[in-house]
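What follows is subunit A paired twice: with subunit B in the first complex and subunit C in the second.
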Partner chain A sequence: MLTVQGLNKRFGRKTVLRDLSIRFDEGVYGLLGPNGAGKTTLMRCLTRLYPVPAGAVQLNGVSVQDDRDYLRHIGYLPQKFGLFRELRVYEMLEMLANLKGMRGPGVRENIERCVAQVNLSEHLHSKVRTLSGGMVRRLGIAQALLGDPEILIFDEPTAGLDPEERLRFKRVIAEVRPGRTVLISTHIVSDVEASCDTVVVLDAGRIVTSGPSEALRRRAAGKTYLVPQTDAAGLQGDYVVQDQFEADGRIMLKVLSGQPQAFPAAEATLEDGYICALRGL
Partner chain B sequence: MRRQMSLTIRLFCKDWVLPAFTGLFFLYFHYVLFDEARTLPGDRLLGDLAMLRATLPLSMLCFVFFTFVSYYFADKPRHDALLECARVTRHGLPRLYGSQFLLLLALDLLFTLVAAGYNAYACFALQIGRAEAVLHILGCVLLYIFLVSLAGILLGMAAALTLNRFAACLVLVLFILLGSPLALYVAQALYYALWIDVFPVYEFLCLFPRGLESLPQHSVGYSLLPDRISATVFWLALFAVPVLWKTLCDRRRARRAAALACAVLCVGSLAVYLLPMARTASDRSARSGYVWDLDYYQFAEQKEEDGGFSVTGYDMDLTVGLQLSARVTAQVDQPALPCYKFTLYHGYQVSQVTDQDGTPLRFTQQGDTLAVENGAAGRVDSLTFTYAGDNPTYYAHAQGINLPGHFAYYPHSGYHALYDVENQSFYKLLTEQPVDVTLRVQYGKTVFCDLPQTGRNTFAGRTDGVTLLAGFLTEETVNGVQVVYPYLDTEQFRPEQLAADLNGFLASKTDGREIRKVMILPGAQMELHARCHLYSDGTLVCMQLRGLASYYERSFIAPQKQEAFNLLKTYRDDPENFENRLAAEQTAYQSTGETGMAMLLQAAVETLGEEEALARVDAYLADAADRRDSREFLEGLC
Partner chain C sequence: MRAQGSVRLLMRRMWLHLKNLRALALAPPLVLNVLLPFVSYLFYRQEGLGSALYFHVLEFVQYLVPFFSIWWVLFTLREYVEADGNELLFVSRSRGKLPDMLALFVLYQLNAALLLCLGGAVLPGMQLEFFRLLCVSVFYFGLVYLLAFLTGSIILTLLAALAYTLLALLAQDAGGLFLQYIRTSPLTLPLLLETYLPLLALGLLLAGAGAAVNRFALRFR
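What follows is the complex of A and B.
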């Protein structure tokens, strides 16, 4: 169990995380939030890339700053991830396994298993430079799995991936999640919807809401309306235009509003719930 | 770690830039040394230091190479966006960068072994049998190739770990330039144009061997003195700090301990560097080396004043460590003077003067003058001076001693001008009469002295000037004459050459003066008349044996008479040249109205007749009491 208690993080005068407290049990957590919300900062604090006050982050009751073996429990895929392009896939993973302190005959087996989990077995002896962007990303997941860590932290793992790769990523998450705590930060809501048990919405360094994705979706229930663009003047109070599309030759707006509106309701999506949470609707 | 090393080597080899540049540089390195090795003994002027002389310029190239290779290699994890991943592992950064460092260190060792190997071969081929010389050569390779390259490795890694690309390249290029000859030119320009002295900064920043533009000093080799070693250690420790700090970011205790150790090393080595210590002029920038005395004496007042007494004997205890420390007792023949005036080179700071009873006396040291007030007892039989210091040209340090008897490294009675600014060399200062001297030198190496030896580095005898030499020197007896010479200078001092030159000189000598010992001084800026001197004890101290006859003849002519001597020699030995000079002066006279020296001599010859005129010139040159300068004499002759 990974707990964060009253975590504050500042860079100069700018406060990036404000009194953040949350508990991560077994399961898949999606960290949603706009750019600058503090998602990456939180992940870097959890991985000790940034120093944190003693006790602010604990693993099973032990402060991560005091736990020499803490990083053994962590598998991390950073936002900007790359590899030594001159090496082969196996060599690269072997190097990372060595850096993780893995040793002995089980290393080879572990590498092959991790590569198999991300469906890159046939590229095990290919040069890294021959891999596509999506394959490199999957390789990133494979290196995070090395050593069978209990906690996986993926920072924007699907950024820049095509839909097929993103689908593959979701399958991988489904495969690796048993018995693990998986944290995925993203601003692509659909990735969270498919993979995550719990969605944590961050904004300006604070947790806006945290709970099952269904609960977040229901937050937008009764607040979502379809409004013809030509009738938009009839909207009352505060509202947010969530989407715009064409239907039956008319431009339709999908609007989120905390106030009742005299327009037909639309089915709320997780994204709608996310926007409602951010805007406090 | 073994597995990590294997992977790091594989990474190094697979990045085409690294092995390509390493291979090319290694080939070039090997080529330079091989080219010298196959032509051994090579340039004769370089003597037995030819191979070392070919090796040392590679020091800067090694530094540049290792700095950029190290930077490129250490920047790869960041450049390839692998750094964050590596940091979130248990052993990440220490193993990653540790293995890189070890690989580069191994390369450094490889280059060093190649250089050491070639130099060892040269020692064998040139039959350098002396352990001290071999150790010196290998020590130079260790300092200027291995340690300087190691500094480059650490600098490159430090830049990669702490700075962005632009800043890193800027810092690397700047540091290389600051230690390069370009920086020396800038320092010289700043000094001579604006009188801003940045030479100490340059000397501290420049890790590379100096004095490579001139012939090596065979008697001391290249500098392995504490200042060079401490400067290098300082930069090594300083560059190591950010490397250790960044790579041990997860191990706070180890990080703090490592940083503390490096900081202590930095402070310690800086403290050593700042200690007053002697250095060879060739290892200094010109400003603090050969030009040091010229700069000083151009503006310093030099006095000439009779002290009213004579020194009748010296008892000297000298210690040579970082610099010369001396305790010299001078017996004086006038016990009741109110003040005793002495001359001592200003680079030696006197800390105490006592009388024969050990009573401290008041003294004033100003420039080269030292005035000692007579004590309350009113009687002074002897004065004991305690002092320490150095001179860049006439040095005394761990690698060697070069203290000729004509240099005021011990007090002389009266005030005397020490330096000839016009000719940029020291005057010869000797005691008026030979005096008894006993001398003990605390020094690790063998000291050679013109006085007879009475024990290890202990000497006693009678002379008008005490010469001390030490370093890569040896002593041999040739034709009954003891010769002390730098054995690494095989251009001049191969046994057969030495015997030929010495015997040739002795055969040409017709003045009947006895020469029982010849001591070869290391090269220094000396005017022709000062390049040899025959001391009262029969020791001839000179810079070389070749052409010694000419210098010997000149050495008995006072400086102000040298011009007349040259003119006479030209008239007698090279009449065509004399005629050319005369014609030139006559042409110049028509425009300037100035009478040249050759014109004066010609006029004297025409007036007095050649035989009479030349005889008068000979008499003038030989007459020590006649202190007129050459022009004054020739004008009077007409």
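What follows is the complex of A and C.
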């Protein structure tokens, strides 16, 4: 169990995380939030890249600052990943395993197992620079799995991937999740919908809401409307235009509003719930 | 047993670091083992054996040996300060990278020591010049290690090292100028104490400052 308690993080005068408290048990957590919400900063605090006050982050009750072996429990994939491009896939993973302090005859087997889990076995002896963007991202997941850590932290793992690769990523998460705590940060709502048990919405360094994805979706129930663009002047009070599309030759707006509106209701999606949470609707 | 394992891990990392450099990794051994002997031979053809040859060779090794002592270090540091996802390399028990860079530096110095020992067989006294070159090389190491982490740019660091080499070349034999290290006079104890040991000490200080930046003030891409 990974616990964050009252975590504050400042860079100069700018406060990036504000009194953040959350508990991560076994399961898959989606960290949703706009750019600058503090997702990456939180992940860097959890991986001790940024120093944190004693006790602010604990693994099974032990402060991570005091736990010499803490990083052995962590597998991390940063937002950008492009290391050792002139090495072969096996050598690159060997280098990262080496940096993790892994040694002994079991290392080779561990590397081959991690590569197999992300379906890159046939590229084991290919140079990293010859891999496609999606393959490099899968390689990044493989290196995070080295040493069989219980906690996996992925920072925007699907950014820049095509739909097929994103689907492949979701399958990999489903395979590696048993017995693990997986944190996935993203600003793409659809990525968390299929993969995550719990969605945590961050904004301006604070947790806005946290809970099952269905609960987040229901937050927008009764607040989603379909409005013809020509009738938009009839909307009452505050509202947010969530989407715009053409239907039967008319431009239609999908609108979110906390106030009752005299327009047909639309089915709420997870993305609608996310916007409602961010805007306080 | 554990120390043996750590040394094996370090050596394997060094090999992979050098492999990752591709053709760039060949520059220092080519300079030490091909270019310097070849140029020395050309000087020999021109001057014959004698003090003129000694001082020409001494001059030439001072131009090249210290600068290339940081070649492997500099281009290996590129992964740590400039590569996409460099933060991953610091999510490890050992955040400091000084041991790895020192290992590469020492490997080069072993080659340089061997070269100068062999040179000493032809030009007596040349092997002692290794100590002069080592002091200057330590200064280069400290400079590069600090600047790489401070600037987050390998190009800027390389340019700084090049600029220092050029300045030293232009101010050759200008006595009394601090940091100016190229001399064609043989190494003496006063020269070692006044010029080269201070450079060594400054290099160690700069390396220490670089280690502090490495630990506390990293930039992530």
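Heads up, the rule we're going with is that the second predicted complex is superposed on the first by the 281 of 281 C-alpha atoms of A that agree within 3 Å, B and C clash if a C-alpha of one lies under 4 Å from a C-alpha of the other, contacts with A are read in each partner's own complex, and residues count from 1 in each chain.
Everything below uses one rule, namely that a contact is a pair of C-beta atoms (placed from the backbone, for glycine too) under 8 Å apart; a residue touches a chain by one contact, two chains touch by 3 or more.
None of these values were measured; they are calculated from a predicted model.
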Fit or clash - subunit C, subunit B, common subunit A: clash
Partner chain in contact with A:91 - subunit B first, subunit C second, else both or neither: both
Which superposed partner A:48 touches (first subunit B, second subunit C, both, neither): both
Which superposed partner A:13 touches (first subunit B, second subunit C, both, neither): neither
Touched partner set for A:81, first subunit B, second subunit C, both or neither: both
Contacts of A:71 with subunit B and subunit C, given as first, second, both or neither: both
Partner chain in contact with A:125 - subunit B first, subunit C second, else both or neither: neither
Subunit B/subunit C common contact set on subunit A: 47-49, 71-72, 74, 76-78, 80-87, 91, 94-96, 98-101, 103, 140, 143
Touch list for subunit A against partner subunit B, complex: 47-49, 69, 71-72, 74, 76-78, 80-87, 91, 94-96, 98-101, 103, 140, 143
Parts of subunit A lying in touch with subunit C, wherever the complex brings them together: 44, 47-49, 68, 71-72, 74, 76-87, 91, 94-96, 98-101, 103, 140, 143
Complex contacts: residues of subunit B adjacent to subunit A: 3-4, 7, 10-11, 14-15, 76, 80-82, 84-92, 95-96, 250
Contacting residues of subunit C [partner subunit A, same complex]: 5, 8-9, 12-13, 16, 19-22, 79, 83-94, 218, 220-221
